[in-house]
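Okay, structure first, notes after.
Order as written gives the chain letters A, B, C, D, E, F, G and H; numbering starts at 1 within each chain.
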Amino acid sequence: MLPEVVLGEGKTPHQVAEIATRLAEQADRVLVTRADADCFAAVREAIPDAEYHETARSITLVRNAMRREPGVTLLCGGTADLPVAEEAAVTAELMGNEVQRVYDVGVAGIHRLLDHLPALQDARVIIAVAGMEGALPSVVAGLVAVPVIAVPTSVGYGASFGGIAPLLAMLNACAAGVSVVNIDNGFGAGYQAGVINRLALSERPD
Amino acid sequence: MLPEVVLGEGKTPHQVAEIATRLAEQADRVLVTRADADCFAAVREAIPDAEYHETARSITLVRNAMRREPGVTLLCGGTADLPVAEEAAVTAELMGNEVQRVYDVGVAGIHRLLDHLPALQDARVIIAVAGMEGALPSVVAGLVAVPVIAVPTSVGYGASFGGIAPLLAMLNACAAGVSVVNIDNGFGAGYQAGVINRLALSERPD
Amino acid sequence: MLPEVVLGEGKTPHQVAEIATRLAEQADRVLVTRADADCFAAVREAIPDAEYHETARSITLVRNAMRREPGVTLLCGGTADLPVAEEAAVTAELMGNEVQRVYDVGVAGIHRLLDHLPALQDARVIIAVAGMEGALPSVVAGLVAVPVIAVPTSVGYGASFGGIAPLLAMLNACAAGVSVVNIDNGFGAGYQAGVINRLALSERPD
Amino acid sequence: MLPEVVLGEGKTPHQVAEIATRLAEQADRVLVTRADADCFAAVREAIPDAEYHETARSITLVRNAMRREPGVTLLCGGTADLPVAEEAAVTAELMGNEVQRVYDVGVAGIHRLLDHLPALQDARVIIAVAGMEGALPSVVAGLVAVPVIAVPTSVGYGASFGGIAPLLAMLNACAAGVSVVNIDNGFGAGYQAGVINRLALSERPD
Amino acid sequence: MLPEVVLGEGKTPHQVAEIATRLAEQADRVLVTRADADCFAAVREAIPDAEYHETARSITLVRNAMRREPGVTLLCGGTADLPVAEEAAVTAELMGNEVQRVYDVGVAGIHRLLDHLPALQDARVIIAVAGMEGALPSVVAGLVAVPVIAVPTSVGYGASFGGIAPLLAMLNACAAGVSVVNIDNGFGAGYQAGVINRLALSERPD
Amino acid sequence: MLPEVVLGEGKTPHQVAEIATRLAEQADRVLVTRADADCFAAVREAIPDAEYHETARSITLVRNAMRREPGVTLLCGGTADLPVAEEAAVTAELMGNEVQRVYDVGVAGIHRLLDHLPALQDARVIIAVAGMEGALPSVVAGLVAVPVIAVPTSVGYGASFGGIAPLLAMLNACAAGVSVVNIDNGFGAGYQAGVINRLALSERPD
Amino acid sequence: MLPEVVLGEGKTPHQVAEIATRLAEQADRVLVTRADADCFAAVREAIPDAEYHETARSITLVRNAMRREPGVTLLCGGTADLPVAEEAAVTAELMGNEVQRVYDVGVAGIHRLLDHLPALQDARVIIAVAGMEGALPSVVAGLVAVPVIAVPTSVGYGASFGGIAPLLAMLNACAAGVSVVNIDNGFGAGYQAGVINRLALSERPD
Amino acid sequence: MLPEVVLGEGKTPHQVAEIATRLAEQADRVLVTRADADCFAAVREAIPDAEYHETARSITLVRNAMRREPGVTLLCGGTADLPVAEEAAVTAELMGNEVQRVYDVGVAGIHRLLDHLPALQDARVIIAVAGMEGALPSVVAGLVAVPVIAVPTSVGYGASFGGIAPLLAMLNACAAGVSVVNIDNGFGAGYQAGVINRLALSERPD
C-alpha cells in the first residue's frame, strides 16, 4: 500500500499536525514533505513516533516495517541540490525501495560519473537531480536502458530563472528514456521511481 | 534490444534514407519519427520492407518479430492529438509492447473516462496525451497507482502558447505518479513507457 | 445596490481606515480586501461595527441587512487555496448571495467531486478555485450547464510560476462555460458570481 | 438544450463533416467554429441545410426554431476584431439569445462608446472584444453593473505578442465584474454570455 | 541647465551623500531618486539645505530659483501609484516646470476623467501613470493632441507580473501620441515631459 | 490639423480603399500604414491622387500643402530597419515636419555617429530606430538634451525574440530623455515626434 | 586584417551584391552570411571569384591567401546543427585559422566524445555547437582548460522554444570557461574563436 | 595551474570552510565566490592566511606567488555593478593576470569611454560589465579587435527583469567579437578572460 502524503508548505504547523494525526489513524505510513523544524515539533507532539529527516525537510511515520527492494539509483551533482535529492530518497524508501545514492557527480567532471557506471547499470530506475544546466539526465540516459526520472532544481542564479534552465534542458534531452517532474519536486521523482520499481516485483499493481 | 531511432524532422528525405539504411545494416528494428510521405518514399526505395504509419508520421522496419507484451495503456482526449498519440503507440509497439488505445476521453466528459476504469487498472504504465488545459494525467493518476507518462501537445490556440499551457499543468499535477516529456514528444513517451513495461519481465534490463 | 470596495493591499492601515470611513458615510455595505490584522485594528477604531474575516483577509461593514439569495456554489481543492476561496465567499455574501461551500474537492480525487454533483446541479453560477494544474473548472464545466468562474491561485511551486500554470490551464479549458479572473482574485470571482446570480431575480439590473 | 459544438481547426473537412453528421442525428442545433470555405463545402454536401457565416468562420445547423431572448450586448472596437466578435454573436444566437451588436467603439474614441450607454444599460450581460491594449472591458465594466465577458484578440503587432497584451490587461481590469476567456475565443464568450442570459428566464438551468 | 541626478537605489546612504556632495559643488540643482529616510539623513548631514519629498522618495537641492513654466499635466489613477507619480512631479518641477496634478482618475470611472478635460486640453505634455490594466494613456491620448508620456507601475498582483501588464498595454495603445518609459520610472517620465515642455520656450535647446 | 490614419495590416485592399475614401471626404491629409502594392492599387483606383512610399509601405494623400517645419532628426542603424524608419519619416512629414535622415549609424561604429553630432544638436526631437541590441537611443540621449523617441525593430534573430531585446534595452536606457514606442511602430514614433515638434511653434496645441 | 562581413538575411540579392561589391573594393577578404542560392547568383555576377559554401549558407571572397593557423576545434552533435557549425568554420577559416571539425559527438553518446579527447586537448579554443538540451559545452569545458565558445541552435521542438533551452543551459554551464553567443550565431562563434586564436601568434592585436 | 573554486552561495559557512580546507590541502590557490562576512569568518578560522575581498564578496588563498601577466582590461559602467566587476577582477588576478580596471564608463557618456581608448587598445581581452540596457560590449567591440567577454548584471528595475534586458542586448550585439556569460557571473567572465590571456604566453595550454 502507498503511504499517505501531506505537502507541508503553505500550511501552519498546527494544520499539518492535525492532518497528519488524522491520516495516521488510517494508514501505517505517512509522509510530510516541505516541513521545517517548527512543523516537526507540532507533529511530534501529536505523533511521538514520527521521525524528522532534516536535509530532506521531511517527516515520516512508519508503523509497519517493509522490506526494502533494491533497484532505485539516485544521482545528484551538487551539494546545494541535496535537499531535493534527499526528499526523493526518503519518499522512495518509505515506499519500500532501497535507494543507492550516488552524490557529487556532475557533467563537468564526467569521469567521476563514469566511475559509477556499475551502479547505473544495476538500477531498474534512476533519479537524476540537477540544477544549473541540467545535463545530467541526458548523459545518464545515454549510458543505460532503464527509465530516468529527471528532477530540475532551482539551484543556480541569473539565467537559471529559478530552475527554468534545467527544466527546459531535461525536457529537451537528446537521449531517450527521460521523463521530468516539476522543479524541486524530489517527492514526485521518488514516488514515480517507487511505483516503477514495484513493477518488477508483481505482475499487476495493487 | 532497443530499436535504432532517427528523428526525421530537419533532415532531407535523402539524408534520412541514408541514415536509415546504415542503421538497418546493424539493427533488426529501426524507427523514423516525424517523417512525411516524401521521406517515406526515399526510405522505401532504399529499404523495400519499411512500413509507413501515416497518422503517426512514422516509418518502421521490423526484421525480427517480437512478442508483444501487454501493460501499456494509451489515453488521448482529442482527434487533433492523434498524431502524437500514435507516434507513442508505434514506438512502444516496436519495442515489443502491446498498446491498449483508449481514445476520445477528455476531462470535460469525465464519465466517459470513468467508463474505462478497467483498462486503466489493468495497465502497468499509462501514457496520457492531452493538449489545451492538459488535465488528463492529473485525473488519471488519481485513479491508479502505476506510473503515468504525460505528453502535452501543441493542440490549442491563444494562451495555449504552442503547448506551454498543458506542459505547465502536467508538471504541476496534484496527483503523484506523473512525469512529463516534451511537448508533442509521442516518441519519448512511448519509449519511456516501453522501458518501464519491460521491467516487469526481467529482473535486470539488458 | 452594490457594496463599496477598497483594496487594502499597498495602503497603510491609516489610509484604509480613512477611505473606509468616507465610504461608510455614503454606503451601507463596505468591503476591504487584502486586509491584515493591523489594518483591521485601524478600521475598527474608526468604524466599531466593522467585522473581520480572518481566513478571507477581509473586513466587512453591513448596516442594512439583505436577504441572501441561493444560487452560488463555491468549489475549492486545497487547504492552501482557502484564503482566495473565502475572499470570494465573503464578497458574494456581502452582495446578497448565499454561498454553498464545497471544499476539499480536487481532480486527483475525482470521486469526491462527483459525490457533490447535486450541489453543482443546484447552482446558478459556480466559482471554482484551484492552484497547481488548475483543472477543476474544466471538469466541473463538463458536468453542469451554468457559468463557471475560474480562479487560479498562486499555490504551488516551481513551474507553477506564481499561478501562471493554473491561469493558462483555465484559459484553455476544453469545456465550454468557463471564464477566468486574475490569479488569487477571489474578490473578482465573488463579485462576478454575485452579479450573475442577481440576474435570476430581476428582469433588468439596477 | 445547448447546441453540439465542433472545433473545426486542426481537422480535415472530411473529419468535420463526419463529426457534424453524427451530431446532427442526435441534436437539433450544431455549431462548427473555425471553419473555412472548404470545410463548409464538405459539411454542406453531407448536411444540405447547414449555413455558413463567413466573417464568423462558423457553420450552423438549426432544425428547431428558438425564440431569441434579448439581453446580450456585444462590443467590438476594430474591424480586424470582427471575426472573433461574430463568432461570439453566432454562438450566442444559436443558443437562443438576441445579440445587440455595437461595433466600432474603442477606448481611443471614448465619446463614441458613451453614445451607446443606453445599449449598455439595457444589457443583462456584455461581451467586450478587443485587441491591442485591451482596455474596453475595464471602461465598460465601470459604466454598468452586469457581468462583462472580455475577449482578448490577437490583433496587433510587436509587443502585442499574439494577444498577450490585451489578455493581461483584461485579467488586471481595475473595474469589478470582468471575467476573461482565451485569446480569440469568441465561441467561449458567446457561450458564457448565453448561459448567463438564460438565468434570467428560469429559476434553474436544465 | 538640467539638474544632476543620482539613482539612490542600490547605493549606501554614505555613497549617495558622497556623490551628491560632489555634484552639488558643480551644479545648482541636484536630484536623488529612490532615496529612503536613512539616505536623506546622510545627505542632509553633508548638504544641510537638501529637501526630502517623502511620497516621491526623492531628495532635491535647489540653489538657484527657477521660474516654473506651466504646460505639464500629471494624471494618476490609484493611491498606490502615487510614489511613482510624485517622483515624476518632483523631477519635472526641479527642471522648471509647473505640474498640474490630476489624481484619482481611472478608466473604471471614466466620467471623473472627463470632468478634467479642461486640464487635459491646457497641457503641452501629459504624463499618465497607471498600474493594473494600464489603459489610462490610451483613453487620454484619444482626447488630446499633445504628447502623452505613459508610465506603467508595478501596482497590482497576479497576472500584473510586476508591471508587465500595463507596460504591454501602453506599448499597444490604440491612440496615437503615446510613448512609454520603464515600469515605475517616474523620473524618466518627468524628465521627458520636462524637456518636451521646454521646447515651447525656445527655438533651440541649449 | 492632424491627418487621418488607417492601419492597413489585417484589412483587405477593398476595405482599406473604402475607409480611405470615406476619410478623404472629410480630411485633406490621409495616411495608410502597412500597405502593400495590392492595397495601393485598390486605393489609387478610388483616390487617383494618392501616393505610395514603397520602402515605408505607406500611402499618403495630401490635398492641402503644408509648410514643413524643421526640428525632427531621424537616426537608423541598419538597412533592414529602413522600412520602420521610413514609416516614421513619412508620418512626421505628413504632419508638417521636415525630417533630417541620418542613416547608417550604429553603436558598433560609434565614430560615424559622432560625425553627425551637429545634426543631433540641431534637433528639437530625435527618433532613434534600432534592432538587435537597441543601444542607439541610450548613446544618443547621452549626447543631447532633447526628447529621444526610441523605436525597437524586429530585425535580428535568435535571442532578439522578434524585437524584445531592443525593446527591453530601450526601456532600460541609462540616459534620461528616452521614451519608447511599440516594436516596429515607425508610425507611432513619427507621430509622437510630430506633435512634440509642433510645440515649438505655438503656445498651445490646437 | 579582419574580413569585411555582410549579414545577408533581410536584404535582397541586389542589395547584398551591391554592398559586397563596395566592400570588395577596399578589402581582400569579404564574408556574406545567411546567403541563399539567389543571393549567391547576384553576388557572383558582380564578383566572379566569389565562392559559395552551401551548408554554411555563406559566400566568401579571398584575394589574398593567408596561412591557416591551427588551434580552433569545432564540435557539433547533430546533423541538423551543421549549417550553424559550418558558418562558424567558414568564418574562422576566412580569418586565417585552421579548423579541426569533430562532428557527430553528443552528450547522449559520451564515449564518442571522449574518443576525441586528443583533438580537444590540442585546441587553443573550442567552439561547441548544440541544440536540444545544449549540454555539450558543459561537458567539454570540464575536460579542457581552454576557452569554450558555446553556440545554441534552434534545432529542436516544443519546449526548445526556438533555442531558448540550449541558450539557458549554456549560460548556466557548471564548468568554468564557457561563454555564449546568440542562438544560431555560427558567425559570432567563429569570429570570437578566430580573434582568440590570433592571440597566441602575436603579443598585441593589430 | 588553475585555482580550485567554491561557489559560496547556497552553502553554510561551515560547509564552505570544510570544502575550502580540503581543497587547500591539494592546491596552492583557492577561490570562494559569493561569500559573505560570516562565511569568511568560518574560512579564516580554518585557513588563517585566507583573504577577504569585500566588494567582490570573494575569499582567496594564495600560497604560491604568481607573476601577473598584463592583457586583461575590465570595464564597468555603474557603481552598483562593482561587486560583479570586482568578482571578475579577483578571479582573473588569482589566475595570474594583471587587470586594468576602467570604471565609471557608460554608454550615456560616450566621451568618457573614448578617453580610455588607449587602455582598450592595449588589451588582449576585455571584460565589459553592464546592467540596464547592457550596451557597453557592443560599443567597445566596435572599437577594438580583441575578444570582449560581456557580463550582464541584475542592476536595474522594472523591465530589466533581473538582468534579462542586458543579457538579451549582449547576445544581440551588432559588433562581432562579443561572447556572454550568465547574469552577474563575474567569476565566469574573469575565468574566461584569464584562460584567453594565457594563450598569448604559451603555445599550448597545460
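One rule holds in what follows: contacts are C-beta pairs under 8 Å (C-beta built on N, C-alpha and C of every residue); 3 or more make two chains touch, one makes a residue touch a chain.
Model, not experiment: these values are computed from the prediction.
Counting C-beta pairs in contact across D-F and across A-B shows that the higher total falls to A-B.
When the CA atoms of chain B are superposed on those of chain C, the rotation angle is 180 degrees to the nearest 5. Distance between Cα centroids is largest for the pairing of chain E with B.
Chain centres computed from CA atoms place F at the largest separation from chain A. Between the Cα centres of chain E and chain H there is a gap of 36 Å. Centroids of chain D and chain G (each the mean of its C-alpha atoms) stand 51 Å apart.
Spacing of chain E relative to chain F, judged by their CA centroids, is 26 angstrom. Shared interface positions of chain C, defined as residues touching 2 or more other chains, are 158-160, 164, 167, 171-172, 182-183. Pairwise, the chains that make contact are A-B, A-C, A-G, A-H, B-C, B-D, B-G, C-D, C-E, D-E, D-F, E-F, E-H, F-G, F-H, G-H. Residues of chain B touching chain D in their complex: 79-80, 155, 157-160. Across the complex, chain E meets chain D through its residues 77-78, 106-110, 114, 132-135, 138-139, 141-143, 156, 158-161, 164-166, 168-175. Taken together, the chain H residues at the contact with chain G in this complex read 2, 5, 122, 124-125, 144-147, 149, 167, 171-172, 176-183, 187-189, 191-192, 195-197, 199-200, 203-206. Looking at the complex, you find that chain A touches chain C at residues 9-11, 15, 19, 152, 154, 162-164, 167, 182-185.
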